[in-house]
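Common to both upcoming complexes is chain A, partnered first by chain B, then by chain C.
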Partner chain A sequence: MLTLADLPRRELAARLAGPGLVLRTGPFTNRIRTDVPLLLDGLALLYDDYPVAEPGGFADFSLSLHRAGGLRRWYRPQVHFAQEGVAPFKPLPLDQAFAMFEWVMNWCVTHRAHSYLIIHAAVLERHGRALILPAPPGSGKSTLCAALVTRGWRLLSDEMTLVRLEDGALLPVPRPVSLKNGSIDVIRDFAPDAVLGKPVENTTKGTIAHLKPPRDSILRAAEPALPAFIVFPRYEAGAATSLAPLPKARAFMQVAENAFNYQVLGAAGFTALGRLIDTSSQYEFHYSRLDEAMALFERLAAQPA
Partner chain B sequence: MSASPALLARVLRDPGAAAGLDPDGWDLLLRQALGADMTPILLVLLEDAGLLAAAPPAPRAHLEWARIAADRHLQAVRYEVRQIGRALADTGLPLILLKGAAYAMAGLAPGRGRMFSDIDILVPKERLPEVEAALMLHGWFSAHHDAYDQRYYRDWMHEIPPMEHVKRGNVIDVHHAILPETAAARPDPAKLRAAAVPVADAGDGLPAMRVLAPHDMVLHSAVHLFSDGEFNHGLRDLFDIHRLLLQFGGQAGFWAELAPRARELELERPLFYALRYAVRLFNTPVPDTVLADAGSGRGRPGRALLALMDRLFLRGLAPAHPSCADALTPLALSMLYVRGNWLRMPPLLLSRHLFHKAFITPRAGQVQQ
Partner chain C sequence: MWRVVPGQSLAFREWDGEAVLYNDLSGGTHLLDGGAVEVLQALRPAPANAVALATALAGRFDCAADELPAVIEDMLAGLAGLDLVEPFPC
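Let's look at the complex of A and B:
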């Protein structure tokens, strides 16, 4: 299939400005339209391995991110997001266009794709076993996720774990990993070869930079994984690496709290979450040293089931 | 204005128009439905017409996503209505539901697949303090703290400031009339309450509920759509009227009494517009005699005004989607907005209100921050 890298830059710009660039991310097709050069640069850098479809046909999500007109064209320029003519969010400063793009790409899925239980969690796979890292912001979830990805784990997602309601399989939606503030330099030091997008400063979450997912993760985006571990990470400066089992009932409640659409799904969500907890083991994980964390997760994935 | 009506409007009129759509057609249809906030309604129509199974997998998945959200919405509404019933029980007042909640609880056609954010109830004006106190006791609080907003609602409007539940965040609009105190037309709310009909046992531990009588329900829906300034749900609201008319049209005496009831409640003009555009967009089978009756006397605007209103309303009633807009759509929408406010208040009061909203409210907000 054609990938974004196959499109000459002029063609990429023409699609974004015209009928839309149709990008496949896991099970979804996204039609993206924009006139923001920064977003074009970000896409060209971080999405070049992604499959691209012809502009026409059915797309799951149509997103447009455009520069604000009028005075805002020159004075503190802004970027607007609209979907089907509706603008659900306030505009952001123009230099945050790529961060906004990543947020609204997540929002489209978490808000509507109710054939999945969607958990706010990173999810990765190694030796056929998936590791789910649910966590509120600040727990070091994305840092761990980025580090694991640079050590050979397959990225399913940094932001949302899709649990298919029919069979409990985890569906990949691999997208760039969003690193915040101090984590950006941590990952630069940890994996000097990693490709990072241009840092976006002064967002509501501080400075954000996106890590390009490995090509192999994109190529295998149609390949679901089976849940094996749910690990709640907590980064604490100076903490010793420790992994402690978590009682199933507590794990259930904690995952429910981190789910985007558990309430919407009702009984189906309860069943799916129950099966997820039954078919995996759950832990609390404290860490401060990334290399120790990597070794521990490698042992976890390699142990016999 | 483009010559052919929008794809979504054509499918609403005749779901068979969705059969044989190509992927581009499905894409446009679902995008228009999303913009118009009508995806679950589209699902219901296609399913009733036996066309859902024939939809290609990707659009069908979207429609199924919408089903899950709509089912959950209905469940939440039922829960909320139970809580409201509990809160109002002490007042001894009947629970009269309006609009979306009424359609859903009475099991009426427009209730199927329709999503809404607030639950609207109707109570006598003189009992407002009691109702407000009962709701507060059960966790609902006025969301507007600004003294001017309080005055705006309490002195001039037909409802008190929206009340939001402190834990669940759900909002109740408590109405004592269906048009503002300051509007020229003043349908007598006592007549509406007196004619309200009980909902047959809805089960599920739901309280005794009433909804407006069929004529009044249609008229309220019409007045809400054609006297208001916001048209982002215009197509959906007109489709509500269409579905109500289809459902009530079969009841004996419904058609003959519709225009006379509109005259009694001073709502001839909204009824005229509702019938005109329902017929125009959805081919609603309104008898000619009723169209003539509704268009007599004060119902029908003068020729020049009607020509203008056609241009405005047909833009306001198109799906709220960029593919349905033309160069004049933004102007039409702002004129409808101004008109909505114009109908709400006499000019002097309106200019005072707009002045306050533009200059005083933002300043007061700064001081509070």
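Let's look at the complex of A and C:
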């Protein structure tokens, strides 16, 4: 299938400015329109391995990110997001266009894709076993996720775990890993060869930079994974690495609290989450050293099922 | 007398003495101990009072038989607060 890298830059710009770039991310098709050069640069750098379809045809989500007109074209320029003509968010400074793109790509899925239980969690796979990292704020989830993908884990998602309601399989939506503030340099030091997008400063979450997903993760985006571990991480400066089992009923409640649409799904969500807890082991994880965390997760993935 | 609130299907999952239960009326999920689930299941077929439930569940709780009705009455009051059970006029 055609990938974004196959499109000459002029063609990419023409699609973005005209009928839309139709980009495949896991099970979703996105039609993207923009006139923001910074966003074009970000797509070309971080999405070059992604499949693209011909313009036209069905898309799950239609996203438009355009420069504000009038005075705002020159004075503190801004970018507006609209989905199918509706603008649900206030505009952001133009230099935050790529960060806005990533947020609204997540938003489209978490607010619409209710044929899945969607957990706010990173999810990765190694040796056929998926590791889910739910994300209370400050947990260090994205740092761990980025470090794991640089050590050979397959990225399913940095931000949302999609649990298929029919069978409990985890569906990949591999997209760039969002790193914030100090985590950016941590990953630069940990994996000097990793490709990071241009840092976006002064966002509501501080400085953000996105890590390019491994090509293999994009190529295997249609390949579901089976849940094996749910690990609630907590980064604490100076903490010893520790992994402690979590009682299943309590893990159920914690995962439900970290789900985007558990309440929306009602009894179907309860059933799906019960099966997820049945088919995985749950732990609390404290860490401060990434290398120790990597070794521990490798042991976990390699142990007999 | 107490009964299960009409409309509650009492869907639950239990692991290692703790349970989660789906509340059909609120859409919420409750973390309960296994004993509370036993009381709910015993109450499911028909309304009952705490004494009758204590008789039905004798030996299932780690407390003296003569204290069990009061323990179950407390549990029922807690479950009523979650709209899972309600008083049933005799």
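Operating definition for what follows: the second predicted complex is superposed on the first by the 305 of 305 C-alpha atoms of A that agree within 3 Å, B and C clash if a C-alpha of one lies under 4 Å from a C-alpha of the other, contacts with A are read in each partner's own complex, and residues count from 1 in each chain.
We take it that a residue touches a chain if its C-beta (ideal position, glycine included) is under 8 Å from a C-beta of that chain, and two chains touch if they have at least 3 such contacts.
Here the structure is a predicted model, which is why all the values come from computation and not from measurement.
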item: Clash-or-fit label for the pair chain B, chain C on chain A; value: fit
item: Which of chain B and chain C A:Arg250 touches, first, second, both or neither; value: second
item: Which of chain B and chain C A:Thr241 touches, first, second, both or neither; value: neither
item: Touching partner for A:Thr203 - first (chain B), second (chain C), both, neither; value: neither
item: Touching partner for A:Ala59 - first (chain B), second (chain C), both, neither; value: first
item: First (chain B), second (chain C), both or neither touched by A:Asn181; value: neither
item: Partner chain in contact with A:Gly85 - chain B first, chain C second, else both or neither; value: first
item: Touching partner for A:Gly266 - first (chain B), second (chain C), both, neither; value: both
item: First, second, both or neither for A:Ser115, with chain B first and chain C second; value: first
item: Minimum distance between Cα atoms of chain B and chain C in the superposition (Å); value: 7
item: Intersection of the chain A residues that touch chain B with those that touch chain C; value: 263, 266
item: Of all residues in chain B, those that touch chain A in their complex; value: 23-24, 26-27, 30-32, 34-35, 56, 58-59, 61-62, 64-65, 68-69, 71-72, 75, 320-322, 325
item: Residues of chain A defined as touching chain B within the complex; value: 29, 56-60, 62, 83-86, 112-115, 263-266, 268
item: Touching residues on chain C, where the partner in the complex is chain A; value: 9, 11, 13-16, 18-20, 22, 24, 27, 29, 31
item: Chain A - residues contacting chain C, complex; value: 247-250, 252-253, 256, 262-263, 266-267, 270-271, 274, 277-278
